[in-house]
Each structure stands twice: as structure tokens, then as C-alpha cells.
Amino acid sequence: MSFERKTDFGPPHYSRFLPPAIKANYGKWKYHEIVKPGVLVHVSESGDKLFTVRGASGRLTATDKLRMFCDIADKHCDGFLRFTSRHNVEFMTTHEERVDDIIQALADIGHPVGGIGAAITSIVHTQGWVHCHSSATDASGVVKAVMDEVIEYFDGRKPIPGKLRIALACCLNMCGAVHCSDIAILGVHTRPPATDDTQVNKQCEIPNVVAACPTAAIRPSTLEDGTRTVEVDQERCMFCANCFTVCPAMPLNNPTTDGISLWVGGKVSNARSKPTFSKLAVPFIPNNPPRWPEVTSKIITMIEEWSKDALPFERMGEWIERIGWPAFFDRCEIEFTKQHIDDFKHAGLSYNRSAHLRRASYMD
Amino acid sequence: MSFERKTDFGPPHYSRFLPPAIKANYGKWKYHEIVKPGVLVHVSESGDKLFTVRGASGRLTATDKLRMFCDIADKHCDGFLRFTSRHNVEFMTTHEERVDDIIQALADIGHPVGGIGAAITSIVHTQGWVHCHSSATDASGVVKAVMDEVIEYFDGRKPIPGKLRIALACCLNMCGAVHCSDIAILGVHTRPPATDDTQVNKQCEIPNVVAACPTAAIRPSTLEDGTRTVEVDQERCMFCANCFTVCPAMPLNNPTTDGISLWVGGKVSNARSKPTFSKLAVPFIPNNPPRWPEVTSKIITMIEEWSKDALPFERMGEWIERIGWPAFFDRCEIEFTKQHIDDFKHAGLSYNRSAHLRRASYMD
Amino acid sequence: MSDTPLLDELEKGPWPSFVKEIKMAAKNSAMSQDLLDLLEKSYRDKIGYWKHGGIVGVMGYGGGVIGRYVAIPEQYPNVRHFHTIRVNQPAGWYYSTDALRAICDMWDEHGSGLTNMHGSTGDLVLLGTTTEELEPIFDELIKLEFDIGGSGSDVRTPSCCLGKSRCEWACFDTMEVCHKITMQYQDELHRPAFPYKWKFKFSGCPNDCVAAIARADISFIGTWRDDIQQDDAAVAEYAKTLNILRDVVERCPSRCMEWNGDKLTIDNDNCVHCMHCINAMPKALAPGKDRGCSILMGAKAPIIEGAMLSSMMIPFVKIDEEEDYEAVCEIVEEIWDIWSDEGKNRERIGEFIERVGKSNFLEAIGLEPIPEMVAHPRDNPYIFFEQEED
Amino acid sequence: MSDTPLLDELEKGPWPSFVKEIKMAAKNSAMSQDLLDLLEKSYRDKIGYWKHGGIVGVMGYGGGVIGRYVAIPEQYPNVRHFHTIRVNQPAGWYYSTDALRAICDMWDEHGSGLTNMHGSTGDLVLLGTTTEELEPIFDELIKLEFDIGGSGSDVRTPSCCLGKSRCEWACFDTMEVCHKITMQYQDELHRPAFPYKWKFKFSGCPNDCVAAIARADISFIGTWRDDIQQDDAAVAEYAKTLNILRDVVERCPSRCMEWNGDKLTIDNDNCVHCMHCINAMPKALAPGKDRGCSILMGAKAPIIEGAMLSSMMIPFVKIDEEEDYEAVCEIVEEIWDIWSDEGKNRERIGEFIERVGKSNFLEAIGLEPIPEMVAHPRDNPYIFFEQEED
Amino acid sequence: MASDLTLEEVVESMYKEVASVQGRKKLKPMDLQKMIYERFSDRADKRTCKKLGKEAIKELINSGRCVYSYYGGSFIELPPAEGVDK
């Protein structure tokens, strides 16, 4: 059965996959309400109601599981479903009475419902040890460990003042929006590349490798026996693995010195305050698979301190801005070290260039 | 009459010059009040009252004028006076009835009284054409021209919502705190140095000259006839005159292309908001001595727009932060140009990295 | 079944378990079985065992397939290759169950049976297959009418929030614009020709539910120009449960609202369109009717100059209207020309703009500098003055 | 008298006229007369006519005199030299009339009769004399007990606000500390030995009336640790004329005050000591009793890395007490050592700290990193990890 | 300006360039585009060179004579010798 090989035809038009209620009310929605944890209702100008149930998803999904999602969608949602920008799965129906059936069906296949409104939703994450060469930690494993501990903030059992976004990236390339999350989990290498001098000139172009380094730590060099390779200045190397991306002969993976750093206070939305970068909270916690207990306990402390003191809608970064960074480090029992003080290009703008000081912290 | 040549003896101890009322209440003051424009009263814990009259001063002062100040101080202030950190002259007396005599005496010698509290005080300025080699404008002349126009904001006839500090520097060295003033007047050269190739190697060390340039616009070069000199890359030169400071053979003074730039929104104190840098408002106004009318009229527009809309205590920078920069440029009829957008080291942090927008400005 | 005690630990607990997923796939894929064992080894040794991909792809395309080779193929032969295929998702990530089931059947036959639903850029990621299977997979995808996404120095797969499909705050049709742009630039998507990657993202309002300002070289964020739509009765209703003064009025970034206990007055000239008051009272407030979007540019991850957010370029354009849509495409293509000519290797557009100077960039693409583009004007005196020939 | 029409224009108007001053001095100084004519020429030609000073000074001192030579000495012989002498001012710029009269008499005899009262760093500037007069002038100054100030790569003349002499908000004795530091470091002031200039400034409270945070390499700014002193009756008095809610409570940077119409409650643990509420109600509020100062470092003008403000180094020290004063001097001297050893030519301490990294700098001078030193921790991932020898 | 530059000429010129640097230097599509404009700017304007350049790359890739590769950026090379484990 010959068929004509096509290219450049792009994705199918979404209209093929819109539930009827959405087709009927496209662009005519009036308002929404959160019915209960994990369940939204959107009401259109004509009064039509569409209920949305958001099911947790671990993102890494086997085809069999997708078929189970399809079974639920066929049974309750006219054969349509969608995924969210944070890879949860959403089932939509105009029949309010089907909401609880959908929730039960999801529970039966191990997928709790939640993450809507003032809640912690799924953790945006990347490949980790499952698939990426430059990862300094695993992604799916850390996500599973953390979400198991904070599930009550996801499913509404523990209400919190506003949204709290957690993201993970397994190296400094930071796939995802780790640089703008309330809490960011970042895999870090803490050793310079273990350069394989015999391979560098074979596998890579030295000028490209030298240019790839953000801190100009790489210089071309020639060994006694004439092999052309590169040399890394240990003082300047920041373990970003950019050289490794451009040249496989410069691996950074190391079981004892790879680990996780934690960042706080980032935000993407424009609500109230402008979009903000995440800031360093904990520079290094060694990898401790499978449940990274030190990582999860510190994240829980930060969530608890924020949630008991934040105003309604107040994101983590807005809360810290209000109480001051000294109080954040103090309450979350995190030691403020050399590494917290910036020394990169815009360092000066991060210093406290004012006499503004709360007294609490330096009462000897 | 031989005398023993001493060195390293430093300034006389201030206690020699303190009025008796100050000696008696040193460190024991309770509160102050502004009696009337230019007149303060400080009340000590014991109830003693000290009246201070602040007289304007042009900073450049002849000895004869100093003797006139001394006459007033001898007559009314037990032979003591002081100067302020913004080079005004202050006369202090415990006798309230002498306040008006002091004011009259000062008026007789051409020195109005004012600049206290929510007022415009004297303009911190530098040498200009009177004494400095790298000045791109005069200092004393511009100050005189501006203060003549804003005198009513100095002497209280026109009350304003808060303090408004004006400073002037005649080149990018920025002597004084021009970089942190409500309104800053900055002399600017707008042409690269007119390098005298015959003199460069004679008068200066070429490595020093090359290193002095903040934008690496200077490269060593040799003419056909072998003379070693330097070459300036027109694209990168910012006319900062730093090379001229290090090497007199690279003058930047130019009658048509030297002039004045205006900056706004800077602040030194920590009250309410943190200390802030001044931002570019008007990139270039050609020098127009003796009264620089274009400079003074633009300054007056900015003062008027601020003073009719600012909240009590609200400095120029705090006001602009509240209404937004588009409204500032609009109300003060200043054209926003390429030059206003930063392109130096921290440029990215000055961009609007948010969707925050007021609509007023782009309603077509 | 092999022995994976560490991973088994992660089968417990309430959050969906990726280990269960791999085990599910392993039932009928030796590749997934090897992946499971390899991952257990990584958990034991605390390092990953993947090598960087080289030359993989489908005929005619320069992107969409990420080459992956296990570092120790002798022990894990079935993951000697473990390439991933990025499938361009339907706008808004909507699916029909037939389409999904068809993809699953194809993937069980030609790959590991594991997917990422979805990748961070937005693609439906088919996780793990061999070089030989790439062409057959593409043939199947052609039949299913699902093309491959982007990777490398190309236009990456655009993505958008669900917009008008289900959200009352959508200020433009994010899904239609996203689809139109994806179709219009298929050549740039499938044949990498840029100095580095280029990402489009479309959010229907400043809540930015697809993180466009943080993760896209060009970010389309919906906004409006007229007054916020206000239903006073509904506001009074919210006043019963919501502390409107403290939690809404005092949190407005431009403090342009007054609340006297029963009436909310908004000075719409000073509203900066942050969405907060609307978020807090969805039944009482809504964005205006005169809707469109702002266009910002330049976001990227930290390497090598430090992370960047997109910054304001075009405050307001009615992107849903053909005329404005064409004008925007023209500007984008002009930017691609300049960036391709003068951009350095691996230099994103955000880094390019800062290197050449935002003003020069604006001049090159014919945009006027306006104060909306800056948080504040420059505060250093290094102004560049044009050198007229005197 | 010569013809100076442009300058004469500036004799008019209410603000004191510097032209009148020059004319006054010109009556008995040919030097000032030439200055007047030279300035008129500058006003006509719109450029200055001064040449950069070379090596001028008094015996034994490396600073305090700025060499100035007119560019066109043939036309203006009397300003062939027009050096300025910086005289170290008494702390707080207090004078007795006898001291001032004596200086005036000396200056009429040996110089132009023109002064700057005062220079921006704080010196009493004697404006215009010849090289030959420098030694005789210094002899006179010795008799008057007024030493010369600083210039070049030395400790510049320290300056301070009037502090405890007349201000109830002074949190330390700015004038005494300024005087003590000036006397203690006379050698560093008179004999330039640093990579570049070093400026001390002392402000008694965060109003910073000597602009220490903007104009000093090391800025001493008064602050307090206990509660704001509060007189409720006086607050109620102010309430009659002052909108305490809008103009005080809502302007507090940490919003740590509540006003219920008659009682002001301050949460002193969250007060950031900005001075605003105290400024607004001087008869009702005052800084606490447990007073001292913060020490910040690194301010400078823009060339060549861009302007800098001083940043927090030591949050609180009781500088008036001998023990703390000694400890601070020790740290300053240690900083000078490190800066002198490793600083580049013309590299101010603020630039040095940013080049070597603030953390490394703190470690070198034995200060612990504390969160008060930053507005926020780093937001880029380029963390430096110590390389233990494994 | 109707140019006499043909697609084949551009294709062959590009192929020669890719082959000549194989193993030593990696060429990006942009490098090939710039090379074409430098080489044929006398016979065609920039827009034409860019269009022909794009078509030439498409032709080389579709015909399998060249392939894309990815090393932290996209490059164009000759297809690898059959073994994949480079």
C-alpha cells in the first residue's frame, strides 16, 4: 500500500479535538468558579456550564495509561480530553453529576485530582537520569518524592494562601521555567569537567569549546606529546556543563559531588508584582535517591513557613519581599553563606545599597 | 621670627567654633520645627531654643563677602557661623528677635534666606569653566541662571510637596552626587577626543591611556612616519573624557557639540524608598550662556509637573515610579529617543520585563 | 522481571508513579525493561548513563528527533539507541481518544511505549526508539496527520494556553494564532537555519499560563485597552467573603482603585493590566472588550549570559485581525534575517539584542523607541551620540 | 575694569551672583581680574581654557593642591598659575569669625581672594594662587592651625553632617568621629599611597545629609536597634494637620505601622529604620535610645564601570565607644592593605570588591556573610564550589 | 535583476564546501548561506541568493547527499559512514 510521503504538514487543527460544549462556546465564556479541589466550572454567556476535572500526571506516561485516560474520556467526556501546560490531564463534561465518577475513575488508576486555584500543582520537570546526558540529578524521581510529601497541598486538604509553583531542572540549561518558580529544584555539578585529553580534538572543535564557556575558564593547550586539547581554570569554572553539551569528551557527572540546589521567590505571572527570577536558598544537597529526604524536608519547611504567614494571593517571592530575606533564612533555618552573594555580571545590583535594615537579625 | 614648620596637624577641633548654646546642648536636642521659610528652631531637652537662619550662597565667595558674613555673625551670633553640606551659610542665635535682623542683614548683601524643609535648596555644583580642564559646560553660571528662575521654591513663596535636590556636574566624572539627585544637570561632550598625534606619546603613557577607556575604544597605533599614538574607535567612544584626564593631548572641548544633559528621579536619603540613581530625561541641549534658557525652562516644566501632582513628601523619583515613565515624558513634553534606552553593562535589567502597561500612551 | 528495589520504593505514595509507567511499558517492550534496569543502576551509582546524540533524524528534516545512546550498551543492548521523537501537539493540548489510541498503537509497535505528555516546549514526546524505526514511525505519523516538532537551531514547536476555548480572560485567540504561526513557518521549523533555537509562546492574558515571558524568544501576552468590565452587584457580593481593601485594592501595583465599603472605582488610565483584581473577583470583573496582545522578546535560560525574561517590544496589536497578524509576521521575518546575518553561534535573540543594543536593534527592524519598552531610562552617562559629519 | 557683558548679565537676579564675587576679589587681585576676563572669553567661545595640572604641592605633602594652568597664558598672564589649595575644614563646617577673618587676610595677601565655601568633598577651597606662593601660604596656615586637605590617590578630606551639634536624630557623634578619623589618618591623607582615592563620610541617621551612601568609599550612617521613641499625645496633635494614614502609614516601606484614627502602633521588629515617620512628626517620634551606626562601602561616580552606591557591610556598631571604634579602624586598615596589594591602578574599593567578588572580599577581611548585605541572594546559577582535594 | 545563477550551481557549490571540510570543521546552514552570497554576489542579489541557498540545502538533505547533525547547534555534514556509534 504505497502512500505519498508528505512533509511540512504540521499538527492537526485543534477544532478536530474540541468537546462540543467548547465548540459551542468558543470565545464566549463569562466566568469560572472553583467547585471543589481539582474541579472548575466555566459558565458561558449563554449559561452553558462546563465542568473541568484536573487529574495529576507524572508526565512520563505509558501507552497503556493513555488508553485508560481514553476510556474515562470516552465514557464521560464524549471522547475528548486535554493536557495542561504543566502536564496534568483534564477531563471536561457539561454534566455535573459525572464529575465525581471521573474523580473516582482517576483515583482507581492512581491519579488524584487537584492543583486548581490556591494550591500546589504538578512540578514542571525534565528528563534527568531517564534520558539526558548532562543531568546532575534525576527529575521524575525527585518530583515523585516531593509530590508524595506535599499531596495535601495539591488535593485541597491543606488550603494555602495562593499559588505555589515548583519546577525542577536537572542541569544549568534549565529546561522549563525553573528560573521563575516559587520553589525551584536545580541539579548542580560541583566539579569541573573530567577532560579526556585524548578525545577532545577528535570529537570537538576546540574554538567552539573555548567559546562555549560563560566564564572564559577554558583555554586551548597542547600536551608534551603534541596532542591538542583544552585546559580548564579551576578558579573560574562554574560547572555549568555547557562545554559538555558542545564536547562529549568533557563529562561532569560525579556521584558524590553532583546534587541539588534550591531556589525560591520566582514568579511568571504579572499579577500584583512583575515576573521575577528565583533566588538561591540552599546551594547544595548531595543526591540521595530514591527519596531525597533532605530535599523534601527543606521544601516542606519553606512551604509551611510561607503558608502560615503569607497574605491571601501572596506568592513566595512577594512574601519574602515583605518580611525581608534575613527573616526567610532565619525562619527556614538555612545558613546564609558566601555562595548566596552574587559575583556574576550584575552582582552589584543585588547588594543592599541602602541603610534599610530590620533589627531582629543582628541583636547580639 | 622663626617658627617651627609642622605637618600632619589636621583641622582645628570643632569645639573651638561651637556657639555656646550648642556647646551647652551638644547631643541633647529634643526636636525641631520650621519657624518660617529658611528659619529652623531646635529645642533641647532642657528647653533651650536655638534659631537657625539659612542663607543662600553661590559657593564661589570672595574674602570680602566672608567678612560681611563675619560681621553679621559677630553682631547677632556671638561670632560663630557654619556652612551646610550644600554650601549654604547658617547663622544661629538663641534670641528669636534677632532672626529678622539676620534675615535683613543677609538680604542687604544679596543673600536670600530659605531651602529648609519641603523646598528647593542650593544646587550642589563643581568648577565648570571657572577652573576645570575637562568641563563640558560652566557650573556657577548654570546654577545662577536656574536658581534665579526657581527662587520662589527656595524662599517659600511657592510651597512644594517635598524636598527637590538639584545638582550639577560639568563632566562625566560627576563630582558631587549628580548621580543621585531629583534633577541632575550634567555637562556632556558629544564628540570623540581631537587627538593630537604629535603630543600623545610625549605627554602620556599609551598603556595608561588605552586602559583608561571604559568602552575599550582606544587602541595603540603607529602613523606612517613611525609616530606612536593612539586611535579612537568612533563607534564605541562615549565622550567621557577619561582619556583626557589621563592624557592632555586628547581634548574633548568643542563649542558647538558640548552641552548639557538632564537626569531625573535620583535620591540619597533612605526615607520611604531606597537611595536611587538619576535617570536620563533630556540627552543634549547645546550650551547657551549666559542664561541657558532651554535648560532652565525644561527644569521649570519638570518641577511644575511634579509639584502639582506629587503627594506630600513624595520625591521626583517616587512620583515617577507612581505615574510611570511614559506619563513623565508625556507631561514634560520630552521626546523618548534611542539614547534613553540603556546599552551599557546592566542594560537588560532596565528593560520592561513585564506586561505591565498603562494604556494612555499607546491609544492610537 | 528484574530486581529494582530502589525504583520500587517510588511505586508507593499517592502521586502517580513513573516507575509503574515504565514497568507497564516494560511488559511489552524490552527497550523499556532495559531502561528500568539502567535507571535502577543510575539510582545505585547516582549518575546517568547517557551519551550525547549525534546525527539522527527523518529524511528531509533537521530537527524533531533527539539522538540518545546509552553509555554502556553491552550491559543494556536494548537501549543502545533510545532516541526520542518530538511530535507537534495540537494547539491547547486537546485530543480525541481515537487520535490518542492510534498514536499509542503505533508507538507500542515501533518504540518503547513510553511518552512524555508533554515536553516542556509542548511537544508530545515519544520516548525511546532505534534509528531504524525512525522512518517507519514518520510514515505512520503522516497517516495520522501528526507532523514532527522542532529541535536544534530552528523554530521550535510553538505552544499556547487554552485561551478562548475555555477561558473568559483570553484577550486573543491563542490557539488559532499558535496554529497559524506553526503552519506558516513549517520550513523554519523542520530545517534549522538560525544561529540558535527560536521559541514562540502565546498566553491569552497577563496571568501568562504558558510562561511565555520566561520561556520564549518571542512572547505574545494578551491585554486590553479600554475599561475593565465591572459588575458592581457582583463586587458587593464578593465583599461578603473577601477583604477587598487589604487583598485587592492595596495589592494593585499602581494603586489605581478606591473602595469605600460598597463601591469599587477603578482609574482605568492608571491600571497596568496586571490581572490581580480580575483574578480575585472573576464574577465581578473582566478584561475590557477592546482586546489584543503585547509582544515581548528575548527570554532564555541562564547559559551563557545569565537567564533573561522577554521585554516589551510592541505594547498593543490586534493579532486576531489579518492585517496586524501580517504586520507581525513581517517584523518576525525581518528579525530572523538580521539575527541570521549578524548573530553569533548559539546566540539567542535576547543575547543578540543586548549585544548590539536594544536601540540599534529597534532601528534595524523599524520600530520606534517608546518609554513602555523600559522599566526606567538609562542611569549611566555613556550615551552614544550620532556623529554627523561636521 | 574690563568689558564683560555676558557675565554682567549674571549679576542680575535674586540668587547670589558669583560674578559679583569675582569682581569683588578683582578689586585687589590682578589674578581675579584675569579670571573674570578669561571666563568672559569662555562665555563667548563656549569652551574652557584650563590645562590639566601637573606636579604642584607643598613640601612633604603629596596632595591638597590642584595644579591649574591657563591654556592661553600670553593673553591672561596673571592666571598662568591658578592652583587651588584644599584646606581641611573643621568638622560640621563650624567657624569662628576670627578664624575666618584670619584666613581671608592671608588669602588676600597670597592668592586671588576667591574661595569655594566649600568643595564637594568638604574642603575650604582657596581658589587660585601661584606655585611660588604655596610654601608661604602653608606657613600661614600652620600658624592658623588649619592643615591642608587631600587630593590624588590618598585618604581625601573626611566630612560629616552637623550631627549631635544641632540634630536630635544623630545616632552617633558624627563630628567627633569625623575629627578623630581625620587626625588618626593624617599620614594616609597627606601621602597618597593607594591604588586610587578613598573617601570617608559620616551621616548621623538614614536621612544621610552628607550623601555618604552616594559619595564615599566608606559610609557611616547612624541607626538604632531598640524601639522608636513615641509620644502619643504629640502624634494626636499632628493628626489635626497631617493625613497620618495616607502620608505616613501607607508610605512606610515595610508597612509596619497601624493607625486607627488616634493611636499609632509601630511593629518595631519590622521597622527598616528609613526615618520617614520620624521626619513627618519630629515632635512625636524619635529614633530609639540604643544608637550606633551601620557601615556601608563602595560608592563612586560612574567612570569607568558605572556609578555605584555603598552597600551594607556592618549592620550595627557602637562607633562612639572606643572598643568598637578601634575594631572598625582595624578593619579599615586591613582593607587598605588588601586593596593596596591587589587593587588595579585607578580601581576604587567599590570596583575592587565587585571584581574579586564580595564573598571573597569578606573572607579576606574576616567578616561573616549575612543576609543584611544583599537586597536579594544571587539569581544566576554560576555558584563557585570550593574544590576540596578529593 | 534576473540572475543567471541556477539551483544546480548553488547545490554543487555547497556540496563541495561541505565535503571539503568534513571531519575538520562543522558548517551551520547560516555559514553555507553566507558562503553562497559571498561567492555569487556578483551574479545575484542577496534575496535571490538566500532563496536559492534555502532550496539548495533542502535539495541536498532530501536527496540524502547531506544530513543535519546536532552538537549544541544544528550543522550540515556528509552522511556518516554506515556505523552509527560515532
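Read from first to last, the chains carry the letters A, B, C, D and E; within each, the first residue is number 1.
Throughout what follows, a residue touches a chain if its C-beta (ideal position, glycine included) is under 8 Å from a C-beta of that chain, and two chains touch if they have at least 3 such contacts.
Computed from a prediction, not measured in an experiment: that's the story for all the values here.
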| request: Chains touching subunit B and subunit C alike, please list them. | output: A, D
| Which chain's mean C-alpha position is the greatest distance from subunit E's? | D
| query | Is it true that over half of the residue numbers where subunit A touches subunit B are used by both copies, so same, or is it different? | reply | same
| request: List the centre-to-centre spacing of subunit A and subunit C in whole Å, with centres computed as mean CA coordinates. | output: 13
| Rounded to the nearest whole Å, what is the centre-to-centre distance of subunit D and subunit E, using the mean of the C-alpha atoms as each centre? | 64
| note | In whole angstrom, the CA-centroid distance of subunit A from subunit B equals 49
| task | Would you mind pulling out the distance in Å between where the CA atoms of subunit C average out and where those of subunit E do? | result | 30
| remark: Where subunit C touches two or more other chains simultaneously, the residues are 52, 60-61, 187, 206, 208, 213, 221, 253, 273-274, 302, 306-307, 309, 345-346, 379-382
| Residues within subunit B bordering two or more other chains | 172, 174, 179, 214, 240, 256, 270, 274-275, 277, 344-346, 349, 353-356
| message | By the touch rule stated above, which residues of subunit E touch at least two different other chains? | response | 71-72
| message | With touch defined as at the top, which chains are paired up in contact here? | response | A-B, A-C, A-D, A-E, B-C, B-D, C-D, C-E
| field | Of all residues in subunit B, those that touch subunit D in their complex | value | 3, 5-14, 16-18, 22, 26-27, 29-33, 42, 50, 52, 56-67, 69-70, 73-74, 79-85, 87, 89, 92, 110-112, 124, 126, 128-133, 135, 138, 140-141, 143-145, 147-148, 151, 154, 172-177, 179-180, 208, 211-214, 240, 242, 244-245, 248, 253-256, 258, 268-275, 277, 287, 289-291, 311-313, 344-346
| request: Provide the residue numbers of subunit B that touch subunit C in the complex, in ascending order. | output: 172, 174, 179, 186, 188, 190-192, 214-215, 234, 238-240, 256-257, 261, 263, 265, 277-281, 283-284, 322-326, 328-329, 336-345, 347-363
| request: In the complex, go through subunit C and note every residue touching subunit E. | output: 52-55, 57, 59-63, 67, 69, 73, 81, 131, 151-154, 187, 191-196, 340-341, 343, 345-346
| query | Given the complex with subunit C, which residues does subunit E contribute to the contact? | reply | 28-30, 33-34, 54, 57-58, 61-62, 64, 67-74, 76-77, 79-80, 84-86
| request: Under the touch definition given earlier, write down the residues of subunit C that touch subunit B in their complex. | output: 206, 208, 213, 221, 223, 225-226, 253-255, 268-274, 294, 296, 298, 308-312, 315-316, 350, 354, 357-360, 362-363, 369-385, 387, 390
